[in-house]
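Shared between the two complexes below is subunit A, which has subunit B as its partner in the first and subunit C in the second.
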Partner chain A sequence: MIISLLVFLPLLGFSLTAFYHFSCSSRKKEPTVAVGGFLATGAMVASFCVSIVAWFKLRSAGFGDASIEESLFSWMKVGGLQVDFGFRFDRLSAVFTLVITGVGSLIHLYSIGYMENDGSARYFAYLNLFCFMMLNLVLGSSLPQVFLGWEGVGLASYLLIGFWSQEMGNVAAAQKAFIMNRIGDLGLLFAMFLGFKFAGTLDLAQLSAFAFRPDVATIFGLLIFLACTGKSAQIPLFTWLPDAMAGPTPVSALIHAATMVTSGIYLLGRLNPVIAQSPVVMSVIGAIGAATALMAAITACFQTDIKKVLAYSTISQLGFMFVACGVGAAETGVFHVMTHAFFKALLFLGAGSVIHALSGTQDIFKMGGLRRVLPWTFWTFTVGWAAILGLPPFSGFFSKDGILHETLVASHGNPVLFGILAFSAFLTAFYMTRLYVLVFTGDSRVSEEAKKHIHESPLVMVIPLVVLSIASLVGGWFGAPVRFEETHAAPAHGVSEAVIMVVSVGLALAGAYIAYRKYSSNVRMELSKDPFRIDEFYLSFFGNGVKKASSMVGRFLEDGLFQKMLQASGVAVDLGGNLFKTVQTGSAQGYLLMMVLALIGLVCGLIFGVPGYGNF
Partner chain B sequence: MMTLEPWMMLVVSMVIFGIGLFGLLIRKNLLVMLMCVELMLNGVNLSFVAFSKIHHSLDGHLAVLFVMTVAAAESAVGLGLVIALFRTLRTVDSDQIQILRD
Partner chain C sequence: MEISDSLSFLLTLPLFAMVLSLFVPKGVQRVYSIFASLLFLGLTIYEASGILFASSSEVAGRLAVEHQLVWLPQLGARLALRLDSVSVWFVVLNALTAVIAFSTKGIWYRKNPKLFTAMGFFLIFGLNAAFLSLDLVVFYLAYESVFIPMIFMVGVWGEKQKATAVFRFFLMSFLGSILMLVSIFYLLSKQFKTGIGYSSYLPDLIPTAGGLQGTEALLVFFGFFLAFAIKVPLVPFHAWLKDVYTLAPFPATIWMSAILSKLGVFGMIRFVGPLFPGVMLSVQGVLLTLAAVSVVYAALLAYRSNDPKSLLAYSSISHLGFVMLGVFTLKQSGGASAILLSVGHALVSGILFFLLSKIAERKDGIDLTNPQGLASKYPILFTALFVAVLASVSLPGTLNFAGEFLVLLNAYPVSALCTAIAGMGAVLGAAYMLKFFQQMGFGAPSPESDSAVAKSEDLGGYELILVFVLLITVIFCGFQTAIFLKGN
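Moving on to the complex of A and B:
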């Protein structure tokens, strides 16, 4: 029951923390962050330890197709549908589990320091709930269980984005994330219906082994991909992710960078055999991924909020992963998920450390020169920066390079995709260096007010940064952790990896150099810009459309139809009342007469029968 | 010589009941209406006795005794009500007593 143990430990932590929170509230005591954080972090660390044990158990079973299966109970049994609630721990799940519990533990620990002033035990309960749901997502043995986790992480994400619910903006962002995800979830639901109709099962192993009809496989794949665009913030459903930065920074690191947003890649990897059946789906995934990578990278260059830059960077990196899935190299995508989880969590936590030090300032043009005052943050952030740029020997280099290479050699590879991704990588280097230079080097542009409280973060926040920077350094040295079958066709083009390596590192250095030249001295303030204005487009196109449609419905249905119907019912009652009022004369003898007549009628009916009914 | 057949008793009881019902429906004086109710009750009593004779059982007689007891109580209450009504409304004309409508 080792897998169940590691899944249910966070649930236990959630229950304990929530219980602590409520017992404190009922005794009119403030639930402290320290106790809640200790409970929640303890649960996560325990879960991580169990995951490592499970990993070694899986290794002794010889990886490959080996898996540890645990079926807990029969969840639903309706007609031909039989769904068990159980867990399947194989190599793909193992990678995600280790990332979730490992990075999750570190971020829990970090949160104790970060949330010390304005958090509560509630926050840690939500974090644990998120981890539990996420583990359900990646370990669930059937599609409905994945869906349970899928919705559960959405809920946790909603709760955490809107954690500081005193501000309307945060609540609106939470709602936006929730609603946009619903659109994608519809895809997953329909994919489930389709899977059951044609394959007759919702078990993931059986489903991915099933040979669908080509047209069904295409629709199924597209629906799955729609779900992934919602959760993993791809075109067209990405606009919620930048807004989700309204949540506390550790939440952004855990949910909106390292784990939840990569669940789309997990699903594509899990259903890879079905997805790979349809070339159309593969091309769509590749095209959307590349477009997202490029668009988000361009937008990131114009952002001034440190978290927004990282958010767009996350969208862009997710695009890279989707391209990897789309060209038929899902294992490289999963590899990038892992390394990205390390360095993006590191970058977010570093950004959190900066924000914490500056009492909440997020504008990178109001920072600068922080290298001297925040040495730990600076050095760990440097590692993260090098990793996302893809400089050797940092982890990002291996996975990003892998993806660039696969766009040329994989079975669905395409030089156009390579070009777009290479340019996106160049932009990545540009905007990350812009961020890095503006925040840490040059002269200080920090406001006098913030300068007074400036301080390096406490130890609980520094330790996760150091551990994550070590992981960001060595994370890529062992190659892709997962292998899928039959994705490796013979290289179509004779491009050697060395050439790609030189090109990508060259592009990264070029982007970094340009950004350095532009921003290292004579910094001019910039205003945040969104060159694509997708958000405004959605607002004017869908938002106003919905508003117009609603007012039309309001006018025609509400005023025109329902109002009239209600009035008609009133009028009918009024008329009926007037009609029957005449009967109520108040004269006892009149009533008596009616009674007698009715009695006579009844007796006649008894004796002679009623037409149409026969005798009583 | 003519014997008293049970059906004759039934006819008489029906006539008495009918007179009572008719009177109850058309007379406007509450006292007369009360008397009509008594008439109806007695008509029913007679039919009880007739059926008792037909079926050779004493059950009907038993019921008659009950009805007479209840009728006595009823007329006592009824007269009380009529007097109370007369005191408040100064009339015993049923057409002018329509407070049931309100």
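Moving on to the complex of A and C:
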């Protein structure tokens, strides 16, 4: 029951924290962050410890195809469908579990410091709920259970993005995230229907082993991928993620960088055998991933909000991972999930530390020179910066380089994808260095008001930064943590890894150099821009479209037709009714009496009438 | 003897409670009706527990109870009552809905409370008679009798302009049921011609209905179908609903959305399905389309509503569209899923309207055009409301998810297109329910709401326990679906 234990510990933490919150508020006491944070963080650390034990248990079973399975109860059983609620812990799940509980614990700890002034126990309850759902997502043994986690993390994300709910802007961002994800979720829902119709099961192991008809496999794969574009913010369902930065920064780090947004990669990895059956699906995944990587990297260069830069950067990096899945190297994608979780969480938490120090300032053009006042933040952020640029020997180098290499050698790879990703990597170096230089070096552009309160973050925030920077450094040294057997095709092109390495490091340095030249001195203010304006397009096209449809249906069909018809029939009967009004009260009781009398008459007629009465 | 007792108490006890309520002082009518309905719920569950928790449909079938009493020999009408794995859910829901409805507070307990309580118990009686009856004439009478308390409730305690609403409600429902009566009599006369004599007992009528051909069968079917389609309601037979739901007092709205709508669902499953399997199959495409269109059409209307009560009213139509989609799959698994979803919908819409009544007690004239910021003021009330909203958008882990998921899963092989249309309702559902919750709960609390709520506190005491138990039931049953599905 070790897997169940690690999944349910966060739920226990959630319950305790929620109970504490309500017991305080019913006694009119303010629930403190310290107690809530302690309960929630304790639950996560415990869960992480259990995860490590489970990992060793799995290792002693020899990895490979080994897995720990636990079935708790029968969830749904009808019409040939049999869904058990249970967990399956294999190597792929194990990697995600360790990232979720490990990075999750650190971010819980960090939050105790970060949310000190405007948080409450409620915040920690939501964080715990998120981790519980996320663990269901990666450990669930059947697709419905994955779906439980899938929508559950969406719920937690909604609650946390809109955490400061007095501001309707935050609420709107939360709602957008929830609804865009719901659109994607339809993909998963219909993939389940299709899967059940053809394979007769929704168990993940059986489903991924099932040989679908080629056309069915294609549609199945596309539906699954639709779900992934929602959760993992890919084209066309990515516009919620930049808005999601309205939530507290540790939330952005945990949910919108390290864990939830990588669910799509998990799902593709999990269903890899089915996905890989269809070349069409593979090409679509590769193309969408590359387009997203490029689009988001370009947009990131035009952002001025520190969190928005990182948000677009996340979208772009997720694009890299999808390309890996699309070319048939899902294991490299998973490798990048892991390293990205370390360095992007680090970058976000670093950004949080900066925002915390500057009393809420997020504009990178109102920062500068923070290297001296925030030494811990600066050094740890430097590690994150080097990792995302892909400089050796930092972790990002190994995974990003791996993806670039795979675009040329993997079974579905092609040089165009390589070109796009290489250029995106160049842009990544540019925008990250732009951010780095503007925030930490040069002269201070911090407002006088913010300068008065500037301070390095407390220890509870610094410890997670240090731990994550160590992970960002060494995280890539041991290679990809998962292997998928069937994807090992013979290299198509004889491109050596050394060449790729030189190219990618060269591009990173070039991007960094250009950004450094442009932003290290004589900084000119820039305004945030969205060069693609996809968000505006969606709003005017779909957002207003639904509103229009709703009001058209309401005006013309409902009010104009159905209600009119009802009124018309009412008028007709009213004329007759007026006659009765003179003898009856005219009220509801009057009509009622008529009805009862009529009924009695009818029944009496039937009873006492001749048998032939019924011959109409 | 024991068998007949167990069934007849489901009918006699509400009548007894109705009579007793006339002797209870006005001031304690609410306490009395809550207590009596809770007791009745407990007894109902106790009596039904055998079938309710049976491990499989075979076991439940063996435990099914039937009791017959010849009543109108000329018509062949008899009091045939049957408690089986279909009716048991509706009977339990009936008792449960009564608890929720009686637990509201308002003018109905101040103005003429004895009439209200008496009508409430009469409604329970009428509904149970309808759900238990296996005889068409008795069913029809019970079905009609349910109007009496409803019209009283809307008429006496409803909002202004209620007269028109009541009238339309009556008009449309009556149109449907009169056609059903015609259909019943037509079947009876057909049966008489075959020389068996009259018997309106359902199993006796099935062969007669099966003997109908072509247009004849279609017309007779339509008489039944229309009555139930109006009751549910399915688009385009829904026009009466909005005004009635909005103008009715909260307990009546709870009764209508939670259980009266299920009368239509029940009728389709219990009578229309067995009587007209052939017709149903031949018009299945139309039926599925109606159900799917209902889902999306009502969701669009809900999205447009700025009155929370009418938003919930339309959302009710939308969700019942899913239920009907399940029924119209014409598969046993689809029907079982539809019943499961019916239970979920009854519970959740009951809770939603109940909580809305609690909000209305605290703030007059809630409008969804501007954020009200009430959540920070009533954290417990709004936490409960949020969980209910999540169940309503069928988030996995709730009973409503299991219901919607299984309905769609069963509908998909029958019609992928209708399933896809209905699926869009899930996205729209999230949009309007979030609007519903956010506009009431979030935003900065306005100064006006500060003054208006001086009188009231957060949800607590009995009401909190009730809501808590109901919500836990929704979640618990969401994982323990076996008791509903029984391996069908």
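Just so we're on the same page, the second predicted complex is superposed on the first by the 569 of 616 C-alpha atoms of A that agree within 3 Å, B and C clash if a C-alpha of one lies under 4 Å from a C-alpha of the other, contacts with A are read in each partner's own complex, and residues count from 1 in each chain.
Here, a contact is a pair of C-beta atoms (placed from the backbone, for glycine too) under 8 Å apart; a residue touches a chain by one contact, two chains touch by 3 or more.
Quick caveat: nothing in here was measured; it's all calculated off a predicted structure.
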item	value
Subunit B versus subunit C as contact partner of A:211, first or second or both or neither	neither
Partner touching more residues of subunit A, whether subunit B or subunit C	C
Touched partner set for A:459, first subunit B, second subunit C, both or neither	neither
Which superposed partner A:34 touches (first subunit B, second subunit C, both, neither)	neither
First (subunit B), second (subunit C), both or neither touched by A:166	second
Partner chain(s) touched by A:474 [first = subunit B, second = subunit C, both, neither]	neither
Contact residues of subunit A, present in both the subunit B and the subunit C interface	587-589, 591-592, 596
Touching residues on subunit C, where the partner in the complex is subunit A	72, 74-75, 141, 144, 147-148, 151-152, 154-155, 163-164, 166-168, 170-172, 174, 181, 185-186, 188-189, 192-193, 198, 236, 238-240, 297, 300-301, 303-304, 331-334, 336-337, 371, 373, 375-376, 379-380, 383, 390, 395-397, 402, 405-406, 408-410, 412-413, 419-420, 423-424, 426-428, 430-431, 434-435, 438, 441-445, 458, 460, 479-482, 485, 487-488
Residue ranges of subunit A in contact with subunit C within the complex	22, 25-26, 73-81, 85, 144, 147-148, 150-152, 155, 162, 165-166, 168, 171, 175, 178-179, 182-183, 185-186, 189-190, 192-194, 196-197, 546-547, 549-551, 553-554, 557-558, 562-563, 565-566, 569-570, 573-574, 587-589, 591-592, 595-596, 599, 602-603, 606-608, 611, 614-616
Residues of subunit A defined as touching subunit B within the complex	584-589, 591-593, 596
In the complex, subunit B residues that touch subunit A	21, 24-26, 28, 94-95, 97-102
